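Each structure below appears as structure tokens.
Below, subunit A partners subunit B and then partners subunit C, in two separate complexes.
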Partner chain A sequence: MAEDQSYDLSRFKATYFEECSELLASAEETIARLQEGSEHPEDDLNALFRCVHSIKGGGGAFAFEDLVHFAHVFETSMDALRSGRAQLTPHVGDILVRGNDVLGDFVRAAQEGATLPADHGAEVKALLAGIISGEAAAPAKPAPTAPAAPVAVSTEPGYATWKIRLIPAAGLLRTGNDPLLMIRELASLGEMNVAVDRSQLPPLAEMDAQNAYLSWTFTLVTDKGRGAIEEVFEFVAGDSADVVIEQIGAEVDAQEGDGWGLFAPLPPAAETVAAPTPVAASAGATPPPAATHAPPAKGGDTGAGGIHTSSIRVDLDRVDRLVNMVGELVITQAMLGQQASGFSIESHPELVQGLQELSHHTRELQESVMAIRAQPIKALFSRAPRLVRDLSAKLNKQARLVMSGENTEVDKTVIEQLSDPLTHLIRNSLDHGIETPEERIAQGKPAEGTIHLGAEHRSGRVVIQVSDDGKGIDRKRVLEKAIEKGLVDRGAQLTDEQIDQMIFAPGFSTAAQVSDVSGRGVGMDVVRRNIQDVGGRVVVQSTPGEGSRFILSLPLTLAVMDGMLVAVGNERYVLPLTNIVESLRPNAQQARTLVNVGDVLTLRGDYIRLIRLYDLFGIKNAITETTRGLVVVVETEGGDRIGLLVDELLGQQQVVIKSLDSNYRPVEGISAATILGDGRVALILDVGALRIMGERLNRSQVEAAANAEAAE
Partner chain B sequence: MAKCVLAVDDSKTMRDMVSFTLRGAGYTVIEADNGVNALKALVGQKVDVNMPEMDGITLVRKIRGQPQHAGTPVLILTTESDQSKKDEGRGAGATGWIVKPFSPEKLLQIVAKVCP
Partner chain C sequence: MELKDSNGRLEIELPGVVDLPTSAELRDILLDALARDTAADVVLKAAGVERMSTACVQVVLTAADGFKGAARRFEVDAPSNAVTETFTQLGLAADLQKLI
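Moving on, here comes the complex of A and B:
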């Protein structure tokens, strides 16, 4: 048992902390459920207990003393609740929430190697201890954290002769203890003589292979002490076997080895192979088939396959690398396809067919890889209940949270980016949306407001909605504020929708007083920026007196999308396929220019703003006549339709998204770039931003025209 | 005979530590994160999977209920060093116990004791 210096605990720490964060989150969820009146409080308490217990167990292994101390008190309080010694009141629920928070602090401190003040969480600890009724109140010392000292091998110098009697109880074998192993271990301590007593052996016919019938007397000469001998029988002494150890000659103190033990009776071991046996190990003396001590799960064939199948843990970096490689593969595949486009299937059947299959498989591969990163959005939503509960208490409002679509799967990177915006939106709904119970009752609404948090997949994107049944956006105040802040000109004519969107403007806040919750005026523009950063968009719909609804639309993944390649002059652009409604070659009646608005397209009775991409991006050699080009009608997330004038459509293609922000810098109207099959870079258009740019361009053109007119 | 150990614990940290230590000593280690999977690994798929979870003591009983594992050594890991857990394990048919936290040497020593 040499010291193994190379054994380094730190290699397990990463796993431990990862596990801790999952456990803490799950504990929080469970506490929330308990507070809301769980259907199975006992199961939940047990689950909670296990979470804390696991954190404590690992913490002990790494000797995080403070953490273990606290976890122990926490765990003990839970035990009191489980056993019914204490009642789970709302107050106790709150203490558990705080307990979990403090436990999280300890975990984080341990992770960062930081030292928390000695009294950190002392108050919560005291509260937890208060749950533990009377006798159990004292935060007992946690389980010993230092690794047990190697079992003492007694150090008595010199040799002694020991006489040891081992009389197994009949059931010893059934606990997995094997006398043969003990005898070997004993023999390793020194010189040993063995005598077998087989007087209890029944006739063969009556013999139960799983019973122990033999007993032994050993004479051992060793320089190890009594402790070493007791250790051999640690698991069996007592219940499972009678073990009598006597020193022939002087008496030696017994030693405790407490770090472990073996239960059980010594069995009938089969032959006493290891030791010389004065009594001939007569044939048949070994009825118990020796085979019984096969360790669990022999070999991998038994079904080891069934174990790991549920999930594995993979470093996100590895998945990202995989995603990137698949991205490159998609490009290569597109390139090959393009190179081979000149070959006909008649002249090169294998090549063409092979390329088709390649395209097929690449796509499947890519989808599978994306699925690896997909996670249910539940992870994100799970924090909401607590947020709503805490905030509504703080604001003296009553609100309940309804969630739907928690299992909608979204790319993990998207989920991570959404955490802050979602928190802000929920805060906003509670702070600005939901009224106080008095106000609500006065308006004939239920005193308790409802916040709905929902997620769903819609046409290749994930749409998250946060809606409330509060008072809606106060447009008059928003407009006043916007004018006051210089965000719009006084007298500007804004539609209701435009006013509503003002709340996303930087520096905008309507809260009359800056509260602890929101009203710092940073919320909404941060929300919008965060969401835009992941290629998403946020809009708000509001009905005065009935509530507001924030709609977040996000790409399912940040890596690949289906696009339509369009040509404008010599340039190539990619339009996200999900935005495209239709494309048409307008006739002269359809393309019109309206005074004060600019170019429009009439489509089945509707006017659609027409944006000339060549004009917007200053491209030469493009088709400028509306009737000769193609108009692609696209829909923004807000539901607006605009027409984009392009030269032609080049075809649908899967494109790998390369961020402009990280490779270059953000460009208005462009969401990202991609590499085409021929190696050229094409820009991916951001339809929502194009609409805004188009309006601005139109406005300036209209104004310029008006000025020119006035000048004449 | 290959020395094979099935390590069952819901904590990955614990499983990792046990596996790493034992593998280093030449054992084949199979891991299972709960009792149901442990039984699957042990006896193939012939296990009633309708039990959502089970505690260690129940698992020991279930293992002992499999005729071919009547004599298989089973060690329980316990944080409590108190006698009641040990007695409970003993009653269920466990071979022995290891008190957490344990040093790698301790773990090896004890495992070697029941499965050399």
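Moving on, here comes the complex of A and C:
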């Protein structure tokens, strides 16, 4: 039994930590909003309080004492802000940010089972305690949870006597709430007397041990106010229990607010004071039993109480299994389609129609499943304001962050993979892009730079842009550096775009000095790799003196994509549909071989490099004559166009992506593999890599030809 | 958790944690004890309890009423601090005292 228990607990812990990470992120977002001058500071403070309070509550259940202690101080400081005892100044905002960080440290330590130094966060804790005004006497210490002795009405200033009735619904215990925990929390608010009503207990034979039968009446003397009492029952009031909170007699010196708007207001306390009732404990006058009854707080209306969400938490593994199965279904559907391709609609109308419907439904199913994994990119963007603020302070620059499209939905994996690249890009913009205020003013720009972070859906992909109005890429220096590093031949003629792309080369950095912000030359290379890992592309556009713009283009999903099946000899390849610009059968005038350059295609006045796939992959029985084959014009991440010579186009089809890296090993020019309807494996081409391979092959062929010529 | 016959008494040793599912189990065991055609005392051994849920407290109270109605003795043996605290916090200190 003990083992079962520990197993259960670890599961709850996992859920708790998941929630913590969400709550911490949400708290950070809220603090950022408060710092920027929120329109509804009270709501935000309440939301912040709730985040910290929830973390504290769960932490208490698992006995993470340090965490609970810190959270308590944190929460108390917010209480002081909320009640107006302290002012929300920028300095206080900074303390809250640091408080949230330290709270995060405690959560992480608890999660990893690590032990933090005893004085961890002590400084921040002291600052937080400093927020709590001097008038609030020793509020930062949690009150003892010892059972309360019978109490009398206190006459100390700020103290009031409350009568609280808790009538659990039968199902309360099943929801994981135990009145015991609420009672303990309530007792910690002050002096409390407990009267229990056990009249509803049924005979043992009729009892359902998981139902709640007991109800309670508490008499509490506290200086904490209604808000604090309501907090105790926040998660049960209304749904799982009837909670009635009444004040007995007048408060001696009211300090607290009126319940944060979380609960519906009660009539003034004076009205509820009436004749004593037998239920009452030794605490003087009590209201009649049928007195006021607080209507249950409904989450949607008040944003608190029992928070109703129409969502469920599902293990990621389960979703992945679903995604995999849909992938298999897509393959099966393709196979059936292929088998039935010989049947005409006249001979087998039901079969053909059924298959068409199957195809529609499969696609719809696939899209729905992918939508499960989709998350708003807000989760990623919410870290940016902090980063910009911290960094600009560090670098003595002034920068403003503008965000757009935060609600754009992206696959969860993509979000995870984007975190580092986006951080790098923002750092880069601030460090290398945005100038110092003096430089900016000298150039007639506003002292404060602007970094724009935007996301949008565009033609089946997600496009994320990070742009700044800084100095742009210094192409001269990039080129010098590239030559110095041997990345480019001296005297090579490069277009501006090609120079800009150099910054993504491994180990490339033009920063004269390596700062702890950027300049180590690992950043941009990592950015590109991370983005390519999730099937994305990154493009940079830059205008000297006006700024630069990084455009990340990412697939919406990682598991299935639309591809064009092409044949080269007996082989089948898949070209991502998003890369394809057009296809054509060139005539003799269009296909040329230029000296020292190699095969090109002239297309509406432009020269496009022609890459012969059969040559690149050594495929026999393929069409070698350009004018007899088909050329598919594709666009690479840098915006370059190349032509790929293939035998024929076999058709457009949804393909399920199977990683080559994890199932086999990375293969140059190939991004992944897929299984076709007939069970054959087809490789998915990586257009960017093909361009590089093509250039290399060309160079070696040109050199070989030159050598042969020289030999003659 | 099981019902043991020990020197003419029926004994149940409570585990360290008596949570919701365990309380349901306890209720079944106590019902079994109550249904036995015997006058034997029933003893809940509670020395090792580290955490007790409200559900368990309810079961104990109900069982106490049941055994009382059957004119049988039902007692809680050596309740740990956790048990005493739980009963006290729920406002049931006196009820526990009657069972010790």
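Assume the second predicted complex is superposed on the first by the 528 of 712 C-alpha atoms of A that agree within 3 Å, B and C clash if a C-alpha of one lies under 4 Å from a C-alpha of the other, contacts with A are read in each partner's own complex, and residues count from 1 in each chain.
Here, a contact is a pair of C-beta atoms (placed from the backbone, for glycine too) under 8 Å apart; a residue touches a chain by one contact, two chains touch by 3 or more.
Predicted model, so just to flag it, every value in this text is computed and none were measured.
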(message) Quick one: is A:Ala195 in contact with subunit B, with subunit C, with both, or with neither? Answer first, second, both or neither.
(response) second
(message) In the overlaid three-chain picture, which partner chain does A:Arg604 touch, first (subunit B) or second (subunit C), both, or neither?
(response) neither
(message) Looking only at subunit A, is it subunit B or subunit C that touches more of its residues?
(response) B
(message) Taking the superposition on A as described, I'd like to know which of subunit B and subunit C A:Tyr16 touches: first, second, both or neither.
(response) first
(request) Look at A:Glu234 in the shared chain and tell me whether it touches subunit B only, subunit C only, both, or neither; answer first, second, both or neither. (result) first
(request) Scan A:Ser54 for contacts with subunit B and subunit C and give back first, second, both or neither. (result) first
(message) If we overlay the two complexes on their shared chain A, which of subunit B and subunit C does A:Asp178 touch? Say first, second, both or neither.
(response) both
(request) Figure out whether A:Gln210 sits in contact with subunit B (first) or subunit C (second), or with both, or with neither. (result) both
(message) On subunit A, which stretch or stretches are contacted by subunit B in one complex as well as by subunit C in the other?
(response) 1-2, 147, 173-174, 178, 184, 210
(request) Using the touch definition up top, name the residues of subunit C that touch subunit A in the complex. (result) 1, 15-17, 19-20, 22-24, 26-27, 30-31, 34, 53-55, 57-59, 61-63, 65-66, 69, 85-86, 88-93, 95
(message) Help me check something: in the complex, which residues belonging to subunit A touch subunit B?
(response) 1-4, 7, 9, 11-12, 15-16, 18-19, 50, 53-54, 56-58, 60-61, 63, 143-148, 150-151, 173-178, 181, 184-185, 210, 232, 234-235, 239-240, 258-264, 288, 292-300, 302-304, 306-308, 310, 313
(request) Enumerate the contact residues on subunit B facing subunit A in the complex. (result) 1-6, 10-14, 16-17, 20-21, 24, 28, 30-33, 37-38, 40-45, 63-64, 68-74, 79-81, 86, 89-90, 93-106, 108-110, 113-116
(message) Give the list of subunit A residues in touch with subunit C in this complex.
(response) 1-2, 5, 147, 173-174, 178-180, 183-184, 187, 194-196, 198, 201-205, 207-210, 212-214, 216
